[in-house]
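Down below are the structures I want you to see.
Two complexes come next, and they have one chain in common, chain A, joined by chain B in the first and chain C in the second.
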Partner chain A sequence: MLLEVRDLSIEFHDHGIPERVVEHVSFSLDSGEILGIVGESGSGKSMTALAIAGLLPRKKMNKEGSILFEGEDVLTMERKDLRLLQGDEICMIFQEPMTALNPTMRIGRQVEEALRVHHSELDAAARKERALRWLENVGLNDSERVYVSYPHELSGGMRQRVMIAAAMVGGPKLLIADEPTTALDVTVQAQVISLLKRLNKEERVAILFISHDLSLIQQISTDVCVMQKGRIVEQGSVEHIFERPENDYTKRLIAAVPRVEL
Partner chain B sequence: MPQDRSEDKGEMKKYANFNFICGAVICSLMVLMALVSCFYTPYPSTAMDASLKFARPGLMHIMGCDNYGRDIFSRVMEGIRNTSLIALLTVFIGTLAGVIVGAVCGYFGGLPDEILMRINDLLFSFPSILLALVIISLTGTGTLNVTLALGLAFIPSFARIVRSEVRKQAALDYVQSARILGAGHFRVIFAHILPNIVPVLLSSVMIGFNNAVLAEAGLSYLGIGVQPPEASLGRMLSEAQSYLFTAPWYAVFPGLVIMLMVLGFALLAEGMSEGNG
Partner chain C sequence: MFRIWLLCMLLKNKILRKIFACLLTLLAASFAVFAAFEIIPGDAAVSRLGSNASESAVAALRVEMGLDKPFLLRYFLWLGGLFRLDLGTSYSYGIPVSEMLLDKLPITLCLTLMSMAVTVAVSVPLSIFYAKYARSRIDRTGYVGNQLLMAVPSFFLGIIMTWVFGSILRWFTPGGYVSYKKSFGGFLSYLILPSLAIAIPKCAMSVKLLRSAILTEADKEYVRTAYSRGLSTMEVLYRHVLKNAMIPLVTFWSMAVADMVAGSIVIEQVFNIPGLGRILLTSIANRDYPVVEAVIMLIAAVVVIMNYAADLICRRIDPRIRER
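Right, the complex of A and B next:
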């Protein structure tokens, strides 16, 4: 088991009254697999993702349960051990490719960041070579030009590809994708999905794919967790859930999936 | 109407460029004078000549001579150099310390931030020149002490600007992206966030430089800054005030140069910040 989330609860207590945003969430992900998490906005998907990535502040929130990554608890491990995982073993891409890249840094440097942090044995030329290879691998053919560009010179789809390249350059075992296509238009969405599927197959990277759109999950994953108000209300194979949804909320999500009439 | 607005914008841009160009011209003139004064002034700046006492501006002495018969133009050149050197060092100290304190406070927040910023507010509520005076009263006068005192006095305002900018940036997604790639907090602050606040920092550095020029002139005017016989613009003004009516040029030229210097940097800062949108 690569990732095992057990009975995870997250509680804010920065505004006086504690507020539970994730409650008793459990799921697991094998290496090389893809798991979808679906739920409406505000259901706690991003909080769960950030917790797994070790990005939640340590003090301002209460966290219960455990998040085992290769058997070690992300929630309680030393900060420096966590940093060794981040960028090298666990990576994450975000919803807004517009703001997720640093506007004043060239694309090349941003793609190389994980290498700079984790692979100090590589020299500049080796880093550049790897970065270029990854830019091409995510479908940015004009990699030399992209390498020296700034984010504002690229389109939304290209930026999301850059984010994926930056995440994959360190060869992670787990890629968390938090609504990676929500800000993109439909054709680009489909491209990004098929890119993620290819990376999953070729690089054997496990993907936790988060979306509010069940039809997207259907395209990429065989297993799904349905989240509502911080809880997992249904869990199983996408096929099963489409055929025999047990929960009212799941039924509504399915009803929201547009049917393609031919 | 949309069309009008776009025209407005073009107009603004032209205006911003105009500011920038004027500022750049004035500032380069100042820098040139300061640089040239290092190896050449028309006359030695401290050479006295009793026969030239209060000589009017003319071909030989374009700004006239002072009460000791020294060439005012040569002294103004040297004054620009001394004044801007002190201002530069002041801003350097203020910015360096301000960036470190402000960035760390803004990024980490919490109790240390709260405490440091309250102290900062306290210091900020005094005019920096007053603060500098207090520090000088402890360290004594002299160019170096004045520079240090001004530098320290400038830290709070820089720290405050940097803190608020870093806070804004720290909430943006790219910071999360950098963190998930394994970058540590200090790497995030100094390699990722800091370059994004450079535009804001640059224009506050310019304004800070102006304030430092005025503060140095003020302190020298009070007799605490640059010590005679070395020239400083503020000191020249203070010496000139006794002869305001007999030799008005003695006061007018250094005063004019201070004004120009401040104007030049203000225009440059204005032009730059408008250019940045």
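Right, the complex of A and C next:
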């Protein structure tokens, strides 16, 4: 098993009253698989993702349970050991590619960064060569130009492709995608989804795909966890969830009415 | 290729336009400076000859100094001289103003450079330190100290320093000074305390600015991305955050340099350093207008140039500014 989340609970402490954002969440992901987590905003899905990526602040927060990545607990790991995984084995892409990229750094340097951190054996030319190859691999044909561009010079879809290239450049085993298509328009969304599916197949990278959009989850993943108010209310294979949903909340989600609760 | 070429041309054009604007600013400043001495009461010829001089002697001297010519003509003559770097002759010393300035400029320049070097070298690591321990006890204590140092004027710090290091500890002779022509090392050592007196409030201000800029930047999402690639906190700060956080500081530093040159008037008086500030003061007292005008033009030029430099550096740091 590549990733095993066991009984994960996360509690905030920064507003005086403790706030439980994730409660007793358990799921697992095998290498090469795609697992979708679906839920409305505030359901704790992003918190779960950040916890797995080791990006939650270490203070002001109470974390219980365990997150086993290849048998080692990310949650209790020393920071320096965690850093060896981050960017190399576990990578993450975010919702808003404009703000997730450093506005004053050229694309090339950002794509190469994981290599610079984790593969000191590569020299500048080898890093550049790999970065260019990855920019092309994610569908940016004008890779030489993109390499020297700044984020604001690219379109939203291109930026997300850059983020994916920067995440994949180190050859990770797990890619966490936190609402990667939410900020993009529909056609670009479909392209990014098919790109992620292709990478999953070609590179054998496991993907944890987080979205509020059940139809996207249906397109990309094999298994689904449905989260609500910090808990997993239902989990199973995509077919199972869509054909025989047991939970009321899941049924309502499938009814595909984007509900706005006031 | 063509697009890049076009962009280069456009940028060059922008730079040219900016230089043109700088020159225009200086021209306006020159007129203001010249007109100011026309308006304020007092006559250079009288002050040179003394109030007991006969009217005919004053009139003769006025002709000799060219003061009898109409105001605008004198202005254009002076302006023409500026372009040829001929700043006129000092009324009180009878030597070319440019010679006087060249003699004094290195002193004030050294003082400014030393102050700036201290400001940059101390404030950047200190800001990072405070930002790293943000909202901790160290940070809060630092904040109080910082506010205090920000509020203390340089001349007061100068007086305290002279008192502590000069009169009590006797590390140096108060009011002592070695010319840079005699011994450069000795000269620099006499500039250490004055430059500290100038740098400390600027440093405090820089720390305040940079600390908050770093904290603002640290909350941005690209920082989380950087962490997700396995960078350490220090790497994230130095490689990603600092560059973005420097933008407000560059502007502040450019103003600080201009302020240091103009503020040398005060600090040079406190430490008895015969720099630009000193000749400015004595020239004002002697109504030695060519010198005063030259020094003020020099300060104006520093302000304009520093502003321009800050603009260029900000463009260099942030590509988004370039396109505006």
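By definition in this document, the second predicted complex is superposed on the first by the 256 of 262 C-alpha atoms of A that agree within 3 Å, B and C clash if a C-alpha of one lies under 4 Å from a C-alpha of the other, contacts with A are read in each partner's own complex, and residues count from 1 in each chain.
Note that in this section a residue touches a chain if its C-beta (ideal position, glycine included) is under 8 Å from a C-beta of that chain, and two chains touch if they have at least 3 such contacts.
Owing to the predicted nature of the structure, the values given are computational and were not obtained by experimental measurement.
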item: Superposed partners chain B and chain C on chain A - clash or fit; value: clash
item: Which superposed partner A:Y150 touches (first chain B, second chain C, both, neither); value: second
item: First (chain B), second (chain C), both or neither touched by A:I52; value: neither
item: Contacts of A:I37 with chain B and chain C, given as first, second, both or neither; value: neither
item: Partner chain in contact with A:V162 - chain B first, chain C second, else both or neither; value: neither
item: Partner chain in contact with A:L140 - chain B first, chain C second, else both or neither; value: neither
item: Touching both chain C and chain B, counted on chain A across the two superposed complexes; value: 53, 55, 83-84, 86-88, 91-92, 94, 96, 99-105, 113-114, 117-118, 163, 166
item: Residues of chain A defined as touching chain C within the complex; value: 53, 55, 83-88, 91-92, 94, 96, 99-105, 113-114, 117-118, 150, 152-153, 163, 166
item: Residues on chain B engaged by chain A in the complex (per definition of touch); value: 172-174, 176-184, 187, 192, 195-196, 198
item: Footprint of chain B on chain A - complex, ascending; value: 50, 53, 55, 83-84, 86-88, 90-92, 94, 96, 99-105, 110, 113-114, 117-118, 163, 166-167, 170
item: Partner chain A, residues of chain C touching it in the complex; value: 220-222, 224-232, 235, 240, 243-244, 317-320, 323
